[in-house]
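Paired with subunit B in one complex and with subunit C in the other, subunit A is shared by the two complexes that follow.
What follows is the complex of A and B.
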């Protein structure tokens, strides 16, 4: 664990001491090396499932894919931000990289935490660099509103979680995940258990986001700069899923009836947000709503608490993280050239940037869960698990899959096909940096086709 | 923190106690001020510690239309009309003078005619006349007063002398072919129809029977503006002083270097102040009228050699024209058309009280000075009145009641509009240079530009002939006027 944490921590002095010319290449290279080291986590050798164990941190098959995803994302964020930060003064660039690294540190420690207290503290800590990223480097006035929504939705829902954790510690004497998984059902009075269940999970449901409390996500994703959007879509939403998976261990007898309304809400959200996607004019907004839609499936799968459900949720989380981040990168390449996110004004790019159109195609196909990509694996497993829970869910999941395919193709056709507007005829050609960025997103996705067991989690 | 009511109560008691000589209204005013301050402190109010100028435009917009005249607002309206989903495109219109004191739109004589020689012009005017006849279908806003353009369809009457009669006949056949409702009149028919005309020297006359006449430009401008703003277009009062653009050097297939410019943001300066806002945008529309040439200059066109594509300036400059309002109680009746004489003089009826609007085009050599909008009354005495009195004897006894001057957005190249995108500046579209017939073509021209931006090319009317290509290729498309 330290062999990842210390280098990540030391990326902060690196970003402050590196010379101006070497700032971005250096931080990029070092974060790539950290990613390579983090791949070692994917091999789970122990029978108890907990590897790289020390009193405060550990990895297990649930957290190691998410950890690797997080470490993988830092170099990609640095790669993506290089262009739009080039005009900023040097100090501001250094601060930006420091923020990204701080966010990375808090996320690694959150996923690797064995104590729920540390997880909670890191969960909250990750809010601050993200908030600074959105409000300082976002593009429009609405970013202040977006930052407020983001911060207060998460804070307001996670304060009850703190109370719950403290009460839990008081009752059982421990908050360590290693011990909690072995505890039996906890005796709580029958009316308090509803509150207990809700307060434990509300923070994560808001973070996922669940359909009714998803309002912060389109705002935050759209107003954030590219690195902010990437980390939000790829990792921060998964924090919610991961937290839910961990906390439901302590809630087991209560979840039987209480999860019902939330599953329905999640599935309804899949349908609703996919439909909203079809009517979006702003490209980033479309991708943001698509994230809500996919995460609705994940939320439903986690809530039904079956092995297949949890497996499917984890696979979909990883696959969606890579896909959504890639989509935001593609939207950003468009934005940097035309300075608009409106889809109606940036059409026909296939004629002008053909190789970028290839990446668009692969990413849009991944988004609509094309076999054999892990997106389909995750969705299929989730749909099957939900079907086992109730026959009626097929209506929601089937219609959701259909509409997902529709809006993904709509996004592809709208941005790539169609008449080329006059103002796009001579755009800057694609940078090799952008091609590298997208390859590094799609390569892991394609590699996962061949060994999906890496992201199957504890149920494998 | 005490509740606001407690604070109010305490302070009011203090006020009463210590300053009993204050009257009740003053105390009430103080109370109201305190209550307002308390309400501001509570969440939900729009107070912010940053004292930003609320008139600044937003930091980014999709399309920035520079120029808030009838052309700019027409384009804004059509963009919103065609956007297919609500809030599809974010449009802002930047106008530097909201009183429109120097804008060509409101200072125009307001005429509309289809009697051009170019089919494109005839199409534009015909479509615009159709638009204006059904103006409330297009520009009516729910719950607001209906639009009344005061469209007098009295027609235009062109008078041709012997030398230019053949041009008039050719124009007439083009106009009929395109669909304008025009008729030719011989001098006798002319005298029969309009007995107040002196037909000496007139060989042929061309009279518009439908869709021609005049209307109130201010109403049209306000109708477009009201409708566009109700559809979500943001109006900004400011002046565009600079552009931020990126330059890419490329080579044409022939080996010549071509420099492409792409506008990244527009610098909008607040009137009467130093504050400015850089508006990041995808597309800029130049609808600045008489000042379009000056605006395009900010993009550094003149720094390139003159004979290259990149160095060709936008050939629009302001030209001053005078309009005089005269009162003649014995003048022509209520069916007076907009008469244009071959000598360059024109007049039309204004209102129902025996007032007429008249003017003349000055000769090329005597173009008035464009630094101000002062009226030269000597011009009326020397050039307008004699021709007016010759053509209509009743006008020998008249009185000039008022006069004003306005700018033409004069296209020095071929005096016809420029609609389209610039070959070198990638994301700037033009709708300017109409040289006096911009107002009448504004609805259709706005639709053409909106189609170009949102659909990629013209859909209803093909205006490729009015694009920039003719200026690059130095092929002017001149109107074959009889003047």
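What follows is the complex of A and C.
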């Protein structure tokens, strides 16, 4: 663990001491080396599932794919931000990279935490750099509104979680995940039981986000700069899913009755947000709502608490992280050339940038869950698990899959086909940096086709 | 009215078609001419910018900006009327209760079958 944490921590002095010409290549190379080391986490070495164990942190098959995803994303974020930060003064570039690294550190510690207290502290810590990223480097005036929504939604919903964790610590004397997984049901008085269950999960449901409390997500994703959007879509949402999976261990007997409202909200959210996607004018907003839709499936799968549900949820989380991040990168390449996110104004890119159209095609196909990509595998396992829970869910998941395919293809056709708008007189050709960025997003996704057991999680 | 001529960049709107306009009031015709003049002017401004050989930047279409803003920010202008309340209930409230009813009855029926021992499992699947 330390061989990842210390290099990540030292990336901060690197970004402050590197010379101006070498800032971006140095930080990029440094973060790539960290990613290389983090791949070692994917090998699960013990039968008790907890590897790289030390008194505060550990990895297990549930958290190691998410940790590797997080470490994988830092170089991609640095790669993606290089262009739009080029005209910022040097100090601001260094501050940006420092923020990214701080976020990375808090996320690594959150996913690797064995004590729920540390997880909670790191969960909250990850909010601050993200807030600064959104409100300082966003492009439109609405970024202030977006930052406020993001901060207060997640903060307000996670304060009850703090109280729940403290009460739990008081009752059982421990908050270590290693011990919690062995405790039996916790004796709590009947009505407080329900409050306990809801407050534990509320923070993660808002983060996921669940349909009713999803309003922060389109705002935050749209107004954030590219690195902010990438980390939000790829990792911060999964923090909610991961927290839910960990906490459901201690909440189990009650979950059988109390999960209904949330599963219903999640499934209805899949349908509703996919339909909203079909009527969006803003490209990033479409991708943001598609994230809500996929995460609705994940939330429903985690709440039914079966082995297949948890497996499918984890696979879909990793696959969606890579796909959604790639989509935001593509939207950013579009935005850097046309300075508008409106889809009508940015049509016909296939004629202008044919190679980028290849990446658009592959990413949109991944988004609509094309076999044999892990997106399909995750969705299929989730749909089967939900079918086992109740046959009627197929209406919602099936219709959701259909509308997902529709809006993914709609997004592809709107941005790539059609007449080129005649007021665009010059567009830069695609940089090889952008091609590299998208290759690095899609290559792990394609490799996961061959070894899905890496992201299967501990339920199998 | 009879001397309304078509401008180079503005075609004749339908309400000023000479075959149609003898049954329209002159106030309406004047208003239509004014609107056609404004449209022609806006189109001329756009075309000037579009065909300017020294232009390096993007043209901003204020109508499009306003339209996009209106599409993305409906909430401050929301007014609860009968139609909106009905839509909200049909798509937002009723489905949740319907789904609760469906899932609960289905799951309770399955639970009774399991307790009675009559639940059939034709496939050997993990779940």
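The definition used in the following text is that the second predicted complex is superposed on the first by the 457 of 460 C-alpha atoms of A that agree within 3 Å, B and C clash if a C-alpha of one lies under 4 Å from a C-alpha of the other, contacts with A are read in each partner's own complex, and residues count from 1 in each chain.
Note that in this section contacts are C-beta pairs under 8 Å (C-beta built on N, C-alpha and C of every residue); 3 or more make two chains touch, one makes a residue touch a chain.
The structure presented is a predicted model; accordingly, all values stated were derived computationally and were not measured.
On the shared subunit subunit A, the superposed partners subunit B and subunit C overlap sterically. Legend: residue contacts after superposition of the two complexes on their common chain; A:268 is shown touching subunit C, with no touch to subunit B. After overlaying the two complexes on the shared chain, residue contacts for A:422 are found with subunit B and with subunit C alike. Judged by the touch definition given at the top, the superposed model places A:173 against neither subunit B nor subunit C. When both complexes are overlaid on chain A, the residue A:184 reaches neither subunit B nor subunit C.
After overlaying the two complexes on the shared chain, residue contacts for A:139 are found with subunit B alone; subunit C is out of touch.
When both complexes are overlaid on chain A, the residue A:281 reaches subunit B and subunit C alike.
Of the two partner chains placed by the overlay, subunit B and subunit C both lie in contact with A:342. Contacts of A:260 after superposition: subunit C is touched, whereas subunit B is not reached. Measured by the number of subunit A residues touched, the leading partner among subunit B and subunit C is C. Comparing 24-32, 420-428 or 474-482 from subunit B against subunit C in the aligned model shows that the clashing stretch is 420-428. Subunit A uses residues 281, 338-340, 342, 344-345, 422-426 to touch subunit B in one structure and subunit C in the other.
Chain contact summary for the complex, subunit A toward subunit B: residues 139-141, 279, 281, 338-340, 342, 344-348, 418-428.
Per the touch definition, subunit C reaches subunit A in the complex via residues 49-50, 55-56, 58-59, 64, 67-68, 71-72, 91, 95-96, 99-100, 102-104, 106-107, 110, 125-127. Touching subunit A in their complex are the following residues of subunit B: 58-60, 62-63, 83-85, 87-90, 246, 248, 250, 260, 262, 264-265, 280-283, 421, 426-427, 429, 452-457.
By the touch rule above, subunit A contacts subunit C in their complex via residues 260-261, 263-265, 267-268, 272, 281-282, 285, 306-308, 338-340, 342, 344-345, 385, 388-393, 396, 422-426.
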